[in-house]
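Structures incoming, each one as C-alpha cells.
Note that subunit A is present in both complexes that follow, paired respectively with subunit B and with subunit C.
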Partner chain A sequence: MSKTSWIPEGVKRCSGRRFALGMAAVTAVLAWGVYAMFLVWYKGLNQTNMNDAYGFALWIWADLAVIALGGGAFFTGFLTYILGQEKLKGIINYAVIIGFICYSSALLILAIDIGQPLRGWFIFWHANVHSMLTEVAFCLSCYFAVLTIEFIPLILENPRLDRVPFLHHLSHNMHGIMAVFAATGVFLSFFHQGSLGGVTGVLFGRPFGYREGIFIWPWTFFLFTWSAAACGPCFTLLITWITEKITRKTLVKPDVKQLLAKISGWMLITYIIAKIADTIYWALVTAPSMGFTLMDFYSNNPVYGIWILIAEIVVCGVVPGLILITRTGRENAFLLMLSAFLAVMGCCINRWVMVLQVMAVPLFSFNEWYMYTPSWQEVATTILPVAYGVIVISLAYRYLPVFPQERELNPAD
Partner chain B sequence: MKEDTLNKRPKRFGMVIDLDRCTGCGACMVACYAENNIPFKADESNKLDSINWMRVFKITNGKPYPHTEVCYIPMMCMQCEGREGDGHAPCVSVCPAVATDYDHETGVISQIYTRCFGCRYCMAACPYHARKFNWWDPAWPADMENYLSPNVSPRMRGVVEKCSFCYHRYQLARDRAYYEGRDEIAEKEYQPACVEACPTRAITFGDLNNPGHAVHRLKNSPNAFRLLEKLHTTPKVYYLTRRTWVRRAGDNYLADEHLNTARKRIIRQQGAVK
Partner chain C sequence: MFPFVFEWAWDMSHMVFMGGLWYALTIIGLGLTYCLIKAAVDTAREGKRTNDPHH
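Moving on to the complex of A and B:
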C-alpha cells in the first residue's frame, strides 16, 4: 500500500522548506506575544497602561471585535445548514476555522485580562445571573465547544487521518449531524453576541454607553447580534480574499462570495437603519435625560470627534451596505472587497467606542476626558491572536481540504 | 435572641458631608489609609492607579480673582441603592461572580476580595470612580507592617477594593452591644474613621432610616444634594452646601435646564419608584 500524503489529494502546496520559513517568521511574532502574556501573568496588570478610570481597554475591545467578526461562523452556518443555502458549503469550512480562531483568541485574551487568572472559573461557580458578563462567559464557552465540534470533522478529513476507519466514520457521522450543532451555535451566538452588547448597554452610570430596551435587554443587545451577523461574513470574505492573494489561487467561486455578500449587505443595511434610529433616540432622549447633549460626547478631547460617529455609521455602514445590496457592486471584485473591509472596520469602530469611548467620557463637569495609550505588552498580546490565527489558517490550508472548490477552480494543480 | 433582633432591623447607613465646612485638609483620607490598611506607592503622583477609598477633589467656580471660590469634595463609594432602590447598584448587578453585594440589613455594599477575580466590570460601571484596582502587590515599609489593623484584611494584587463605610467597626459595635445585652447600637458607636478624623466635623454618619440620627434630618435639608443624581444610581452619600454653583457642579445639566426644576423632577421620580 502506497504511503498517503499529509497534503490533500489533487491540490498543490508550497515546499516544506518554504512553509517552515513562513511559519518561523509568524512564530517569532507569536513568541513576542507569548512573552508579553507571561510578563502580564507574572508581574500583573501593572504591565498595562490601564488605570482606575480605564478598567476596560484594548483587550476588551479586541475581545468584542474578534467575537463579532467571528460571527461569520454562526451566521454562515445558519444560512448553510438551517436555511439550506447549499451554495455556501464552498466557504462554510473556512468560516468555521475563522470562527474557531476568533473565539479561542477571545478566551485567551480574557484569561490575560483578568487580575486573578487562577480564579477565572469563579465566573461559572459563583455565577451572578444579573450580570451580562456571566451570560457571555457561559455562552462563549459553550459556543467555543460547538465550534470545536464543527472543526473536528474537517481535521479528520486530512488524508492520513482519514485512512483510519474509526476516524473516517466519526468524521462522516459528525458531518451528518452538523445541522444540530449549527442550530445550537446560532442559539448560543444570539445570546452571547447580544450579551456583549448588553455589557455596555446596561451601564446606567455611563451615559455614553447606556441604552434603554426591552425587559432586561438594552437595544445594544440586539444591535450587537445584528452587526455580528452582518459584519462577520464580511470578515470571512475578507480573509478568504487575503488567502487567495497569498496563495495566488481562486479558492471560492465568485457566486458563493456574492451570495454571502448579498445576504451580508441586507443585514448591514437593516442593521445600520436600526443603529441610526438607536443613535437618534439616544441623542435626543436618553442622553439629555442624564444631562448630556450629543456633542458633550464628541468635543473637548483630542481624539473622539463627531468624525468617529460619521465614520462608523456612514462611511463604514451605509456605504458598504448600499454597495453590497446592488448586483453591480457585488460583481465588481474591488468594490466587493472594499465593502467587506469597510464593514469590518465599522464593526471594529463600534466595538471601540462602546468600550474605550465609554471609559473616556468625563461624568463630572470638573473632570477632564480620560485618555489612554496601550503599553507594548497590551499591543503584543493583542497581536498574539493574529499570529496564532495565521498559523492555524496556514496549517489548515496546507493539510486540510478547507476549500471544496479548490481542485475544480485550479485544475492545473 | 439578641443577635437575631440586631440583625432584623434593616438600616440604611449613609453620610452627609457639609461642603461649606470642608477645608480640604485630607485628614479623612489619611485616616482611611491607616484604618483600612490601604497600600501606597513610592510615587503617588499618578492618582489614576493609586488606591484611595476616599479622595478629596478641589473645584472652583471658574471665575477670576477676586470672585474665585473654591470647594473641596470628598468622594468615596456612594453605597448606591440602584435605579429601583432595591440594591441593584451599578456595580452590584454587573459583577459576574457576586464578589460585591448589597447588604439589605445595612445598605452597605460589600466587596469579597477572595472572590473577586479582577474583571473590573464594576469599575467600568461605577460613575464615581470609587472602585480601585490593585495593580501592584500591596506593600508597606517594613516597620509599618507592624501597625496594620488586624480588623481589616489586606488585599492581594489583581482584585478590586473600595470604601466599606468601615464595616468592621459596625461588626465590632454590634458584637459589643450583643455582649452587653443590648439589641441596638447607638449612633456614636459606629462611626467610620473619616468621620472621626474630620477636624471641622464636616462629615456626619448614621442610619438614614432612623429619625433619631442626625443624617436623617440633614439629608432633608434644602441644601442637600447627591452627586450625579440624574443617573438614578441613588447614592446614600449626601452633600450640603449653600452655594448654588457647587450643587450644579455635582451633576450635569443642559444649558437651559434650571437646577431646582431638574432636582425636583429627580426626587419625584425616585419617590414614585419607592
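Moving on to the complex of A and C:
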C-alpha cells in the first residue's frame, strides 16, 4: 500500500528542516508571551500597569481589534454561504482560519485579563443579564465554537486524515450543512460585535464615548458591527497578500480578491459616512449637552491630538473606501493592499480610542489627563497571539488544502 | 444558568439572554450531532457495499 503524504497533493512546500527552523523562531516569541502570561496568572494583575483609571487597557484594545478583524470570517461566510457568492470559495477557508485565530486569541486574552481564569465559567452560570459584556461573552464563546466547526472539515481534508472513511464522511457532511453554521455565526457576530461598541456607547459618565441611539442600542452598537464587516475582509486580504509574498506564490485569483475588496469598499464607504454623521452629531449636540467641546477631547495631553480623529476617519476611512469602490483602484495591486492596510489601521485606531482614549479624558475641570503605558507583561501577552497566529497559519498552509486555486495558479509545482 | 439556579428570575432579561444562548447552543449541538450520526451511517453503508460480493 502506498504511503499517503501529510502534504496535500500537487503543491510544493519547503523542506521539513527549513519549516522547523522557521517554527523555532516564532516559538521563541510565543514562549516569551507564555512566560508573561504565567507571571500574570501566578502573581496577579499587579504585573500590569492597569489602575483605578484604567480598568480596561491594552488587552481590551487587542481584544476588540482582533474581534473586529476576525469579522472577515463571518462576513465572508455570509457572502459565500447565505448570499451565494460562489467565487469567494477561493478565499473562504483562509478567512475561517484567520477568524479562528482571532477569536481564540480574543478568548486567550480574556482568560488572562480576568485575573482568575478558573472563575471564567461564572459569567455563564451567574450571568448578569443587564450587562452587554455578558452578551459578548455568550456570543464570543458560541461563535468560537462555530468557527471551530467551520475549521474542522478543512483539517479533515488533510490527505492522511481523509483516508479514514468516517472522517471523510464527517468532513463531507459538515460541508453539506455549513450554511446553517454560517447563518448562526452571522447572528452571533452581529450581536457581539455590536455589544462591544454598545459597552462604550452607554457610558453616560464618559462623554467621549457616550452616544444616543435607538431603544437600548447606542449608535456605536451599529457602527462596530458595520466596521467589522467592512474591515474584517480587508484584514483577510492583507494576510493573504503577506502569505503570497512569503510563499512567493499566487494563492487566490485576482478576481476573487477584487470582488471581496469591492464589497468591503462599499461597506467601508457607507460605514465612514455613518461614522462622520455620528461624529458631527456627537461633537455639536451630545458632548456640548454634557458641558464639553470637541477640542476638550483632543488637547492638553501629549498623545491624543485632533490628528487621531483625522487619521481614523479621513486617512484610514475615506481614502481606502474611495480607492476600493473604484475599479482602477482595486485593479492596482499596490493600491488594493494599501487600502486594505489603511482600513485595518483605521479599525484598530477606532478600537483604541473607544477603549483607551475614553479612559484618558478628564471628567472634571480639576482633573488631568490619565495617561497609561503598558507593562512588558501586557505587551508580551499581546504579541503572544501574533506568534500563535503565525504558527497556526504556517501549519495550516503546509498541511491543509487551504487555497483551492493554488494548484491551478501554480502549475509548475 | 438554568431556571433551577437560585439566581434565576422569570423576567424578560433572563429569558432573552439565556434563551438566546440556549438557542445558539441547540443549533450548534444539533448540527454537529447530525453530522456525526450521518457520518457513522455513511461509513457503515460504505463498509457494507465494499464487503458485498455482488457489488
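One rule holds in what follows: the second predicted complex is superposed on the first by the 413 of 413 C-alpha atoms of A that agree within 3 Å, B and C clash if a C-alpha of one lies under 4 Å from a C-alpha of the other, contacts with A are read in each partner's own complex, and residues count from 1 in each chain.
The rule we apply is simple: contacts are C-beta pairs under 8 Å (C-beta built on N, C-alpha and C of every residue); 3 or more make two chains touch, one makes a residue touch a chain.
Model, not experiment: these values are computed from the prediction.
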{"item": "Touched partner set for A:133, first subunit B, second subunit C, both or neither", "value": "first"}
{"item": "Subunit A residues touched by each partner, larger count belonging to subunit B or subunit C", "value": "B"}
{"item": "Which superposed partner A:363 touches (first subunit B, second subunit C, both, neither)", "value": "first"}
{"item": "Touching partner for A:289 - first (subunit B), second (subunit C), both, neither", "value": "first"}
{"item": "Which superposed partner A:44 touches (first subunit B, second subunit C, both, neither)", "value": "first"}
{"item": "First, second, both or neither for A:180, with subunit B first and subunit C second", "value": "second"}
{"item": "Which superposed partner A:120 touches (first subunit B, second subunit C, both, neither)", "value": "first"}
{"item": "First (subunit B), second (subunit C), both or neither touched by A:170", "value": "second"}
{"item": "Contacts of A:206 with subunit B and subunit C, given as first, second, both or neither", "value": "first"}
{"item": "Contact residues common to both interfaces of subunit A (with subunit B and with subunit C)", "value": "125-127, 130, 134"}
{"item": "Subunit C partner contacts - residues on subunit A that touch it in the complex", "value": "124-127, 129-130, 134-135, 138-139, 142, 145-146, 149, 165-167, 169-170, 172-174, 176-177, 180-181, 184, 187-188, 191"}
{"item": "Complex contact set, residues of subunit B against subunit A", "value": "46, 48-49, 57, 59, 83, 88, 90, 93-99, 115-121, 123-129, 131-137, 156-160, 227-228, 230-233, 248-254, 257, 262"}
{"item": "Complex interface listing, subunit A residues touching subunit B", "value": "44-46, 50-56, 113-117, 119-120, 122-123, 125-128, 130-134, 137, 199, 202-207, 288-293, 296, 358-359, 363-366, 370"}
{"item": "Interfacial residue positions of subunit C with respect to subunit A in the complex", "value": "1, 5, 7, 13-14, 16-18, 20-21, 24-25, 27-28, 31-32, 34-36, 38-40, 42-43, 46-47"}
